[in-house]
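These are the structures, in structure tokens.
Consider the two complexes below, in which chain A is the common component and chain B and chain C are the respective partners.
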Partner chain A sequence: MAFAIEFFIRRLSQGLLIVLLVAFVIFTLLRIAPGDPIRIILGPMATATAMEETARELGLRDPIPVQFGRFIVQVASGDFGHSFIRGKQGGASGGSQDGAPDLSQRASVMDLILTALPYTLILASLGLIFAFLIAIPIGLAAGLNAGRWQQKLGLYISSFFVSLPNIWVGVVLIYLLSAKSGLLPAIGYRGIAYAIIPAIVMAIEMSPILIRAIAVSIAANVQEGYFNVGQVRGIPRSKMIYRHVVRNAAVPLLNVFSAQMIGMLLGGLFVVEYIFSFPGIGLLTINAVFQRDFPIIQAVAILASAVLVLINILVDFASTTIDRRLKF
Partner chain B sequence: MATEPIMRVESLSVVLDSAAGSRPILSDVSFDVAPRSVLGIIGESGSGKTVLSNALINWIHKPLRLTSGRVLYQGRDLLALPEQAMANLRGREIAYIGANPTIALDPTIPVGHQIVEKLKEVEPGISEADARKRVVDTLDAVRIPSAVRRFDEYPFQFSGGMMQRAMIVDALVSNPKLLIADNITQPLDVTVAAQIIRLLRDLQSAFETSIVFISSSLGVVTDTADDVIVINAGRIVERQPAARITAAPEHAYTRDLIAKVPRLWAEAETPEPSPGSDIVLEVRDVERTYVVRDRARLFGENQVRAVRGVSFDVRRGESFGLIGESGCGKSTLSRLLSSIEQPDKGSIKVEGRDIAGLKGTPLLAMRRRFQLLLQDPYNAIPAHASIGRTIEEPLRIHGLARGAALKQRVRDVMTEVGLSPDLYDNLPVGLSAGQRQRINIARALILEPSLMILDETLSALDQVEQARLLALFEALQKRHGITYLYISHDLAMVRRVCARIGVMYLGRIVELADNHTIFETPAHPYTRTLLSSVLTVEPKPFLPETYLMEGEPPDPIHIPDGCTFRTRCPFASARCATEEPHLVATAEGNGAACHLEPGHLPPPSLPPAPAGRAAACLET
Partner chain C sequence: MTDIPLSARPRSRSVAHRILAGAWATTEMKVAFFIFAALAVLTVVAPFVIDASATKITVADRFLPPIFMEGGRYPYLLGTDQLGRDLLLRSLIGLRNAFAIGIVSVVIMFVIGCAIGIYSGYRGGWVDVVLMRITDVQMSIPVVILAITILGMSRPNAFTVIAVLVLASWPAYARVARSVTLAERQKEYVRAAKILGASDLRIMALHIAPSILPSIAFVAVLDIARMMIFEAIFGFIGIGIQPPTPTFGTIISAGTQYLLNAWWITIVPGFLLALALTSLNLMGGVLERSRNLVLQGQL
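Let's turn to the complex of A and B:
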């Protein structure tokens, strides 16, 4: 118990520092990148004085550390600011030529994210479930039968999947499952059925890494002394596998999951949501990038880093709970 | 014999299949195991012992293959049983304990829980509480201290000896009729191995189990078994009662085996100290403490006091030995002496220069003077670099030679250590452990060091190769005046080569003396304990009955007050609990950290050997 408390105090404080650093880097990069957000907010017809005035109002002419400090205080109270572009009712109003901007009419970034988040969570969890459904049986079979056809099958399937570009898979699946046969809907979101094809695309992208990781760590544990000795001690092979081999193999798997899978999942969401016009965080972000909607980009980037840090902490805690030799 | 044997092996043969054809491993092996007896099987490494022990539980896998024979147990041929029926015997009626206890259990689950898992598998009806109670009781029976707490500890928290006890519990908890113990004392310290053997004998009578005891150490087998089988190259060459096998061996191979066991007291020839020459290594009050996190307390830390104030001198051209059980701080000390780690306190002077605080270029320059050779010759050599490249690397690092001169020096040093210079461009693939260790020696020697630290350097080699390398070390010492510091648990080797010896216990040197004093008239009870637990075939001056202690050293986090050895010392008095004894050297430079006067220890059961060359030299 003492260990768990100490672990979380230590790791959460470290994690907070990491997220702050990431936030500062993102914040600074967005402000020194070319392209003036004021021009986007006010549109091409705005006068220089109007632009200067709005910039001053928005605090964009203060030194970056001052802006960052102000931003962090805001974030701490759960406020990520307002979109430069999007109106409260949705839809972009940026670059409109109807006079002075009214920031109170712009949508709050937090609201935009909270609206998009459930869709992304549905897609991400469905994608992970599909990926595990594909990878666990293939990976287990490959790991338990090193040197036999199951191992080759695992290798071929993962090589095949890893060579498929997700954009192409998306388009082909839309054509086959939706346009041609009409089995599943594909574009936009009006129910969970709309998440199935995009989730399959994500699963195909993620499963090769999982198959490999499962096969390798299972095979390594079957080689361990305790697996053979356990059977000589009188415990059946099947019980040795599901009680001991799977447990021991979980630690490297968890690390693959936190180090590679989550990053891949986040990256994949952007592309897949864009292909399928899926109204999640990914689509929100891609549109924000096209529109230079800085508050949304920085909020998503900061939240993504916080999620990554948090998942890493949880995975490390799970690992050290499974294998007490690990130290953190 | 009137009684029916519990197991009968009939003309068992096993071959090893490979691309080159099949090679016999066991040929026509037949023997009986009598009920309630211990059958010892002795053979050198590669004689087929382990394959035989596996065959007894029908655990022969590719590329090994059974070609003939039967293993009869209760009238059934185990080798012909269907796998399911065999699985019902394995771990139940026939238990097996292997040589490596540290890998035998799942590292992520507490030891007691895994034994309960096995027990429930073997006796499906047993309740969780009953199973737990029986395991704790059996842990008590094999004298694992505080069994209730140990039940919930993980394999990595057990020492090798404790783990081997746990595996004995695991085997005995199902009340097997037959126990096959394959080289179970091999990885253990001598003191622990002696305890395990004594324990196994006690348990054998308590549990009425028959034991097949397989070992490569003649001393271990003759100490344990009723009857002994000698096996050579897969064939049984001799079977005799244990008492007769050393007294009246019949087969030439057995005689040869007995002759090869190193003697510590009979016919001992020991090197002499060189008190006149200058000091190469001067170690003063060296300390090293590690801080480890404590899971049970919030922000808790524990101090592991690995080395606690060690002082000694090594003179030029001398061989100094450091001995002690695992965990006594030998290896930490070797890391400090070779400047891989810095001591927290104290000084380490090599040829007068303190290396304790040295860093960067001055340290690199000093490193030429002292070189470290480790135990594992496989991991110490890069697998993808040619042998010549590996050996010449130190010269390049120190910028000592280049071009043709460099190649010539590498060839010279290869010849000197007994490696053919033709191997220069070869990879180390396929070289034996001994050949690889020669590469290590060449790599160290090429810098012309004045001190070599040999940390268990020869422990992984067989007797023959060990003897060859010892001769090489001796020759190099004569030719180059190299000083050796042997760190080892092999008392027979230390007896042969070290002029002065330090005995370490819990991070301290408890006795420091010349070879003759340490082995004939040691003043510290711990030294006598170590000597009493040596398994050999000759009469010993110090007997286990008098000195052998139970248990293992306390862990270096909770070091006892007063004398650290008092918790295991048969002669401890009240004074030992409060006052820590210090090592006081006599005029000859010998001394022991003990409150007892040497005369108050029991006299050796053998008269000390006539003072050898060593003592004669001191008197002059």
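Let's turn to the complex of A and C:
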């Protein structure tokens, strides 16, 4: 228990520092990059004085460290600020001519994220389920038959799937499954059916990593002595595989779920949501970038890196508690 | 190893040589290399042979399907796009640009990442701690978020696209190079060099780097393909190299508007890209396996 507490205190404080640094990097990048959000908030007709006034009101003319300090204090109390552009009623209110933007009329970033989050979670979990449905049979077959055709097949399939750009797979599937045959709906979201094609795209993107990880980890276990010993003692091969190999192979699989997989999942979600106009966090963020809506971008970047850091900590914790040989 | 006669051991051959030889012995490697070489030759030769243009707008020849379909006609082997430009040539130029970006960015991230990794692992101490925490920070920002933040804010070009890819991916190389260096530092040849009075820089550049880099370099082939996919994604979102330069992302995204009537605009170029990437990934996969066998002393 003492081990767990020490572990979490140490890693969480490190993680907090990492997230803070990520926040600072993104925060600074947004402000030094060209592209003025005020122009988009006020529209093309705004006068220089009006723009200056709005910029001051939003605090964008203060030195970046001052802005960042203010932002962090705000975030610490759970407030990610208000969108520059999006109104409370959902519509974007950019380009209004009536002077300075009234902050109370603008949607809070937290609300926008919480509205989008369920969609992203649906897509992510469906994508993961599909990915496992593809990867488990192929990976198992490849791992159990090292050196035979099944292993080659695993290599071919994963090499092929990694080579398919998700944007292209998305468009092809929209054409085949939706536009041409009308089997499934594709654009937007009006029910769980709308998540199926995007989830398939995510699954094709993620499955190669899983196939490889499963195959390698199963193959390593089959080579170990206990697999043969068990069979010599009269335990059927299928039972050995099902009871012991799969269970032991699951530990290294956990590690795949760290940075690589989650980073890929997050990245994939952004692109796939954009392709399918799927109303999740990714679409929210990409639109925010094009509208220079700093508060939304900052918040998503911070939350995404926090999720990444947290999952890494949890995975490390899980693997150290399952296998004590691994030192934290 | 002990039962092999000394003369038969492949010890005079370098690690790089053995990895390549091991990979080349497989059919997959030969097939993939042949496909890739054929595509490379095609990108160079096609513009001279095909009597069409990748950039000239020919309104009369809009929406022509590929030549194997009804209505398709010479010289548009893979059809034309919404502006009457030849799709095969556009795809090949897109492929060339994507590959150039992929290889340049991987070379840069490899050099920077490995240099930092070797330095970090060799020096150890607080330098190591600081550098590794920086990689932690960098790796905690999802690539796509970083890319849309930087590229979406400015007018992107090849240079900024490469910069973003390098920025997002060097930490992986730094991590690997560092962990290998940590093990390498303890070895006898490094200590011997030190006793002979070699400087740290000399040891890192002339002793450690040549022995650890080949095995990392071969796996970098996989990253070339990955960077090409990112380049396509950036183009699709509109944050890649800007039109009129043909890139896969822009070709595919422009074609989506005509998906129902002219599906080939989006779908055909993708086949070409997928073919090129599959051959690259297959080569990378075989090289990686061959490397692992060499490192385990089985080859």
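Here, the second predicted complex is superposed on the first by the 301 of 328 C-alpha atoms of A that agree within 3 Å, B and C clash if a C-alpha of one lies under 4 Å from a C-alpha of the other, contacts with A are read in each partner's own complex, and residues count from 1 in each chain.
Please note the rule applied: a residue touches a chain if its C-beta (ideal position, glycine included) is under 8 Å from a C-beta of that chain, and two chains touch if they have at least 3 such contacts.
No experiment lies behind these values; they were computed from the predicted model shown.
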Touched partner set for A:231, first chain B, second chain C, both or neither: first
Partner chain in contact with A:167 - chain B first, chain C second, else both or neither: second
First, second, both or neither for A:6, with chain B first and chain C second: first
Between chain B and chain C, more extensive residue contact with chain A: C
Doubly contacted residues of chain A, that is, touched by chain B and again by chain C: none
Interface residues, chain C side, partner chain A - complex: 28, 133, 136-137, 139-145, 148-150, 152-155, 222, 225-226, 229, 232-233, 236-237, 248-249, 252-253, 255-256, 259-260, 263, 266-267, 270, 273-274, 277-278, 280-282, 285
Of chain A, residues touching chain B in the complex: 2-3, 5-6, 224-226, 229-236, 239, 243-244, 247-248, 322-325, 327
In the complex with chain A, residue positions of chain B that touch it: 57, 59, 87, 90-92, 95-96, 98, 100, 103-109, 117-118, 121-122, 154, 156, 170-171, 174, 293, 295-300
Chain A residues within the chain C interface of the complex: 14, 17-19, 21-22, 25-26, 29-30, 33-35, 152, 155-156, 158-160, 162-168, 171-172, 174-175, 179, 259, 263, 266-267, 270-271, 274-275, 285-286, 289-290, 292, 297, 300-301, 304-305, 308-309
